[in-house]
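The first chain written gets the first letter, and so on, giving A, B and C; residue counts start at 1 in each chain.
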Amino acid sequence: MKRDERVKSASVLAVASRPKNKGVVIIAVALMGLGLGYGLAHLMAGYIAYWGVVEGPFWLTLRVAVPATLIAGVAGIAAGYALAKSHFPGRDLLETVGSLPIILPPTVIGYYLLETLSPGTQFGGFLTRVVGHTLVYNVAGCIVAATIAAFPFCMRASRAAIEGVDSSFEQAARTMGLPDWRVALQVTIPLARRGIAAGLTIGCARALGEYGATLMVGGDINGKTRTLSLAILDSFTTPERNTMLLILVLMAVTAMIGVGLLGRSRS
Amino acid sequence: MTGLIPHSWLNALGIAPWVWNPLSVSFHAAVEATIVVAVAGIALGYLLARTHFPGRGAIETVFSLPMALPPTVVGYYLLTQLGGPGPIRNAEVDLFGHPLTFTFTGIVVAQIVESFPYCLRFSRAAVAAVDPRFEQVARAMGMSRGRIALLVTLPLARRGLVAGVAMAFGRAIGDFGATSIVAGSVPMATTMPLALYNAVFYGTHGQAMVLALVQVGVALAILLGVSRLGKVRAW
Amino acid sequence: MSALEVAVTRKIGDFELDTSFTVDSGISVLFGPSGAGKSLTLSLIAGLIRPDTGTIVINGVVVTDCARREFVSTQERRVGMVFQDGLLLPHRSVLDNVALAVRQAGGRRARRDIARSWLELVGAAELAGRRPGSLSGGQRQRVALARSLAGEPAIVLMDEPLTALDSAVRREMRSLIRGVITSTGIAAVLVTHDLQEAEELADVVIDYADGRVLGQRTVTHPTRLEGPRESAAGSEEE
């Protein structure tokens, strides 16, 4: 039975990945979720005035979550690959520290971010000069916070997925003469794409919903750093809160599908 | 908040109230929450791993929702359900005499909701990893399903189960979004993460530093314990 | 009345099992290459898997009848099982492992005494207090054998019980199995792909290939070893 499975999936190497790829489905559903959220919000908002209030945080949330997911995704895949493949000094440290944001309170993360990134501090001042502008109380700080929130999930999911790849594919690629980096990019990671995609999806969900650290590093400044999660709290008694909730829930539901896929790709 | 250690001892040790008060709140709430989560999570994890009913995957996904939803959404939903008009609020008033929002119990409820998925996923994975042949032998020996679960399957899965409970505890004690929305900043019922936020907001940096360090210590201890328990992966 | 009558079919994926044989007392060996359906047959006999069609009768009791939709659960069939890797509970002592299988009522003390006597029968009495993790392969399989018999089953099913052991230990275990089965009178169905083992152990060999039974043959044993009571401690050379 195992031999037949191998023969079937060995065609992954030979044929470019097929459209039946679940990753495409995830992206499509995510886009639908966003589109639905936007459209429904527009409809529901009825009163254009209210839509103006919601629109700002909505786009801001996207501006934060998309780069955060990308950075966390790339870093997570790299870290997951390193953890899965090699034994280097500090390996356990990477796994532990990288997993910290899962249970470390978001306000602790926010506190340390403020301590390291604020221009007032030594390191923060240095960093601000290097980068060219401040990293706190603006979108950049929010992106940092969201990236940290998303990273552990991308890392752990990628590691598990890469560990699950049958090493005979990689060995075959090496005998064909491919250098290590090409084996990683063209063989290992594509074969692990389901688990990696699921990790990205739940990382995205965490980035979208990040609250505690964003609140501290961003400062909840109306128009500049007030993401949807924060805006909801300021609107508890006004109707636009329902719109924001709807948008957030729709985004999270698409992430939920990703979580479900995460479960299935485990077994 | 009455704790296990007398306040006078803590004062004598030089541990100030602004540390042990929120620590006590967070700790006791998390213990209560984790007890509930452990029992329910292990039971449901066992069922998901070992029984076959339609909608298994859907149930696991639904109960994993809090992991994917923004904490403010969870917090807001809990606030309206526990505090606003509705059947849940009525049940609370019947059981407790008052709604649970802005109370210690409300903190526990929020922690339960946020930490449940972790215990569930670790438990399911741990039970699923047990060699089913152990159970087959036990069935052939005539043991009932309940005895098999308690005497064979769960003991064999215990490392993963403990890891799941530990992660749930860590998540509960470290929760900020949901607990702060449901419970607010009630003076005698402030959690550690919220206390840290207040310290930063009001500029008391000395307190902030200590509070942050304590929480980092707790999180590290739990993570190290979990990784030593071995290679059970929930994702 | 025969100990076991099997006549079933079962399809799994591309593989189709169609088997039919009868077992009287003594040891019947299902012999054939890997993947021929031998282990699947044991699972069907134990009631862990349901067949698509057919019947299984154990000691005159119909435990599976697809046509009449009769099916007795595994718990209620009296079968003992021995696997290749023993599968003793690592968190319990040897004695507790065997005691779990004893079906008689009478309290924990009584069950442990009964378990002790089964351990003596297989020559593993002095292992009673030890943990499975500290046993050698041969010792584990002795305990597994005791456990499978302790419930006084109608038949004992053994799936490649000796395959993982080295040859010296295998020889002793073969004579142990023969002796125990003979003295207790419990019928046994044993799966192996080792020809010598099949010839030495079996009263009847049932040949399997590709999910089908090719034939049944009785074996006469000029070379069979007797003598069940070799002690575990003395003969292990690990």
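Assume contacts are C-beta pairs under 8 Å (C-beta built on N, C-alpha and C of every residue); 3 or more make two chains touch, one makes a residue touch a chain.
This structure is a prediction, so every number in the text was calculated from the model and none was measured.
A.B. asks: Quick check for you: compute each chain's CA centroid and the global CA centroid, then name the chain with the smallest gap between them.
C.D. replies: Of all chains shown, the one whose C-alpha centre lies nearest the global C-alpha mean is B.
A.B. asks: Select, from A-B and B-C, the pair of chains that is joined by more C-beta pairs in contact.
C.D. replies: A-B
A.B. asks: Starting from the mean Cα coordinates of subunit A and subunit C, work out the distance between those two points in Å.
C.D. replies: 53
A.B. asks: Find the geometric centre of each of subunit A and subunit B from their Cα atoms only, then give the gap between the two centres in Å, rounded to an integer.
C.D. replies: About 24 Å, centre to centre.
A.B. asks: For subunit B and subunit C, let me know how many angstrom lie between their CA-based centres, rounded off.
C.D. replies: Spacing between the chain centres: roughly 45 Å.
A.B. asks: Which parts of subunit A, given as residue numbers and ranges, touch two or more other chains?
C.D. replies: Residues of subunit A touching two or more partner chains: there are none.
A.B. asks: Hey, which residues of subunit C end up touching subunit B in the complex?
C.D. replies: 46, 48, 73-81, 83, 87, 89-91, 100-101, 103, 147-148, 151, 153, 157
A.B. asks: List the residues on subunit B that touch subunit C in their complex, please.
C.D. replies: Residues of subunit B touching subunit C: 131, 133-134, 136-144, 151-152, 155-156.
A.B. asks: Subunit B touches which residues of subunit A in the complex?
C.D. replies: Contacts found on subunit A: 92, 95-96, 99-100, 102-108, 110-112, 114, 153, 156-157, 160, 198-199, 202, 205-206, 208-212, 215-216, 228-230, 232-233, 236, 241, 245, 248-249, 252, 255-260, 262-264, 266-267.
A.B. asks: Which residues, counting only subunit B, touch subunit A once they are in their complex?
C.D. replies: Within the complex, subunit B contacts subunit A at residues 57-58, 60-61, 64-65, 67-73, 76, 121, 125, 128, 167, 170-171, 174-177, 181, 192-194, 196-197, 200, 208, 212, 215-216, 219-220, 222-224, 227, 233-235.
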